[in-house]
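After this come two complexes, each holding chain A, first together with chain B and then together with chain C.
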Partner chain A sequence: MNFDFAFAASTVPTILGVIGTTIGVAVLSCAGASILGFSFEIARRAGSVPGYLMRFAIDFIRSTPVLAWLYFLYFVLPHWGVTLPALVVGILGLSIYFSGYLAEVFKAGIDAIPKGQAEAAKALGLNRIDVVSFVLAPQMLRNVAAPVGNHFVSILKATPYLAVIAVPEMLGSALDIASNTYRYAEPLTVVGIVFLVLALAIAQGVNMLERKLLGPTNR
Partner chain B sequence: MSDGQSMRQAASWPAEIGQQHGARGPDQTAAVEAAALNKWFGSFHALKDINLAVPQGGRIVICGPSGSGKSTLIRCVNGLEPFQSGTVRIGGVDLTRDQKQLQKIRRSVGMVFQQFNLFPHLTVMANCTLALRRVLGKSRTEAADIAAHYLERVRIPEQAHKYPAQLSGGQQQRVAIARALCMNPKIMLFDEPTSSLDPEMVKEVLDVMIDLAADGMTMLCVTHEMGFAREAADQVVFMDQGSIVETASPATFFAAPSQERTRLFLDKMLR
Partner chain C sequence: MTTVEIFVGIFDGFRITATVTALGLLFAVPFALIFGVAQYLTKGAAHLAVTAVIEFWRSSAVIILLFVFYYVLPVIGIQLPAITVAAMVLGLNAGGYGSQAVRAGLQSLDRGQFEAAAALGLPRGHILALIELPQALTRMAPTFINQFIQLIKGTALVSLVTLTDMTFRAKEIAELEYNPVGVYTSLLLAYFVVCYPVTVFGRWVEQRSGGRKGLTNEF
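Let's look at the complex of A and B:
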């Protein structure tokens, strides 16, 4: 079977038509995973959750497949009376799965701040909230920006899993075209290229961000 | 130094601190007074029954071998380190573990660390103005004026727009001193301020500290710079294994220490 460039080009609008969903899901999932991961880490630090429990939870989350989370949220939760729209399940599933990784990112980002920073801030008479918001949080954000960006690429590449719960994203729409036309090569190539370009662009952005962060403002 | 005058004039205890020692005038109140201070890290007895008074305008140098508790003591003075028994009084006010009270007291106690601890994400100027604005509620321009004044005093006015990582160690430490001075503290605590500096930068920092001493700043200073102790201190405290072993004037301390442990230490230091 020849690769039909004209046909490939004709699939582009359909596939790009759902690029918004793909990116939107990735952005929201990354935000959700960050919030969850950050909360896990803060709870662990505050001592409200013992370290070994948190360790177990994070390992558990990370060692279960994304698909298991998606199926669980989509097919099992309704048995308990919780029925969520597919899009919500998708974002929630990816958020939960990646929160395990992002918790580690935040742990490293916080650990990397020398103890002396909070002490110097306290010694100046700053209250706790100001110590966190003006001294610790900015440094943590600087430390996590690049790794969060890298995880964002991973999340983006995990969005095709959402096809199994019928969220309209790029790989799913490519497969729809394929099953309607019996031509797989063109739509799948197109979707592959789109993901490649997206991932490269984001990686480039993360690189630039990292270089900027490693500039004069870094210690 | 002429601008030192204005610095001292402006320095005054917060009203509520002044009121607590009743009849006695503030001049008789020790700037820092530790009494029967004991501190444990777990089962390790890090400070043993420390009694130390720093009079207003006093300049005390603490020295002693590594692990003797010098940092721990100085950190107890501004509440960075909690202690189990005894009292620490700053300008006559007992340190408690109440955060609000600690925050208030810390405004009048400046601290300079061995590792500088400048905020790397903020410019030199922003390092200096952060507490002025957040703690003292100064306006941006007011804070900038104050910061510029103290950066001038530590002789780096031209670096205000730079980030800490763009400065040498000596410059960073001088910014750290300026940052603390901006709060117009009554007392300055120094914990080995020159220990992590390259030798050629030690002097520029010590010079700033000697200026401060000459201006009458009350200073409690952990350092092994014996030249500084001779020139600027009026008392040298020698600590070993969590205890104060000997307190003497610099002249006596170096020439005729009364304790064997002090002598051994000095032999090693001055060899």
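Let's look at the complex of A and C:
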């Protein structure tokens, strides 16, 4: 069996046809992971019992593979009577898996703000909510933008895991072509190249963002 | 089956999980060291070539790389056992990440270290091996431990190419009897039991190197 370039080329439109699903899943999962990760970090900072529980939960999430989370949600949720489309289960799985990492990003982003910022704001008479929303949050957002971007690339590279729970993203459609035609090498090579180009392009974008944010004036 | 029996059944697969991890390290460690140092030392065309190899392994989605190599190598006449292909792909992917830690570690050293060693007449190779690398690798130790955890978790993928690791065992047990909660909770726990001690060790290493600060800002 030889590598058939004409056949490989014929799979490109089908695979590129679902690139929107891949990017959409990555964007929604990144948003979900950021919201979860930020909430986890706030809970962890609360200290005492919720703080310790959250610390353990974050460690647990970080110690378990994304594949195990996807299987868990895909098979356990219906058992509990929650039937969701595979796409939603996939986004949920990626959000949970990456929330553990995003929590660390937010932790670092908050810790990097000099302590004097909050003290000075309080001394000026701002209340707690104003201190958080007008002094700490904007600085934190600038600190976390680049690392969140890097995790977005990681999430993008994890979207093909969703093929195992039958979400029709790019790897899934390549495997569909493969099982219909009994030719695996060509569609998989195509999806491999598409993913590499996509990941490199987005990583480049994140690098530019990072340089802009940490430009000569900051730090 | 009780939950304990299910857990023990899943842990049957630990042998394969551990074997793939160990074989993966055989690829990851040399790759990270050689390519990390090469990227640090080379310039011009050689630098671009080294970077291209690193980016291929680092920027591709590991699940796609695994499928590509599993199905494409036989087509071009290379027959390898599934476990070798899996260890190579997972190992070189981890090695790609590791190489960036090696390079970053080397670049973070004070230039004076190199200059002082050169002034004392040490050859370039000795400066690298005796002065630069020991400091760079110690500095990056927490990163390497995190990447080791990623490698362990990544081995869950080998269940997709018919190796009977912990994830594969869980799927086998799930086919024998309907108990998704028991099976997939045990699967998450099994990885937690394997990875958490490494996480704790990593934290200890990080604390020893003084990289971790307490929680400061009130959020």
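Rule of thumb we're sticking to: the second predicted complex is superposed on the first by the 210 of 219 C-alpha atoms of A that agree within 3 Å, B and C clash if a C-alpha of one lies under 4 Å from a C-alpha of the other, contacts with A are read in each partner's own complex, and residues count from 1 in each chain.
Operating definition for what follows: a residue touches a chain if its C-beta (ideal position, glycine included) is under 8 Å from a C-beta of that chain, and two chains touch if they have at least 3 such contacts.
Keep in mind that this is a model prediction, so the values were computed, not measured.
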Fit-or-clash call for chain B and chain C when the two complexes are aligned on chain A: fit
What is the value, to the nearest 10 degrees, of the angle subtended at the Cα centroid of chain A by the Cα centroids of chain B and chain C? 100
Chain A contact check, chain B vs chain C, more residues touched by chain C
Applying the touch criterion given at the start, work out whether A:125 contacts chain B, chain C, both or neither, answering first, second, both or neither. first
Note down the smallest distance between any C-alpha of chain B and any C-alpha of chain C in the overlay, whole angstrom. 13
What part of chain A is shared between its chain B contacts and its chain C contacts? 117, 128
Which stretch or stretches of chain A touch chain B in the complex? 114, 116-117, 119-128, 130, 134-135, 138-139, 142, 216-219
In the complex with chain A, residue positions of chain B that touch it: 78, 80, 99, 103-104, 106-107, 109-111, 113, 115, 117-121, 130-131, 134-135, 162-166, 176, 179-180, 183
Which of the residues in chain C come into contact with chain A in the complex? 55-56, 59-65, 67-68, 71-72, 75-76, 149, 153-154, 156-157, 159-160, 167, 170-171, 174, 180-181, 183-185, 187-188, 191-192, 194-196, 199, 213, 215-219
Chain A to chain C touching residues, read off their complex: 1-3, 41-42, 45, 59-60, 62-69, 71-72, 75-76, 78-80, 107, 110-111, 113, 115, 117-118, 128, 131-132, 136, 140, 156-161, 163-164, 171, 175, 178, 184-185, 188-189, 191-192, 195-196, 199-200, 203
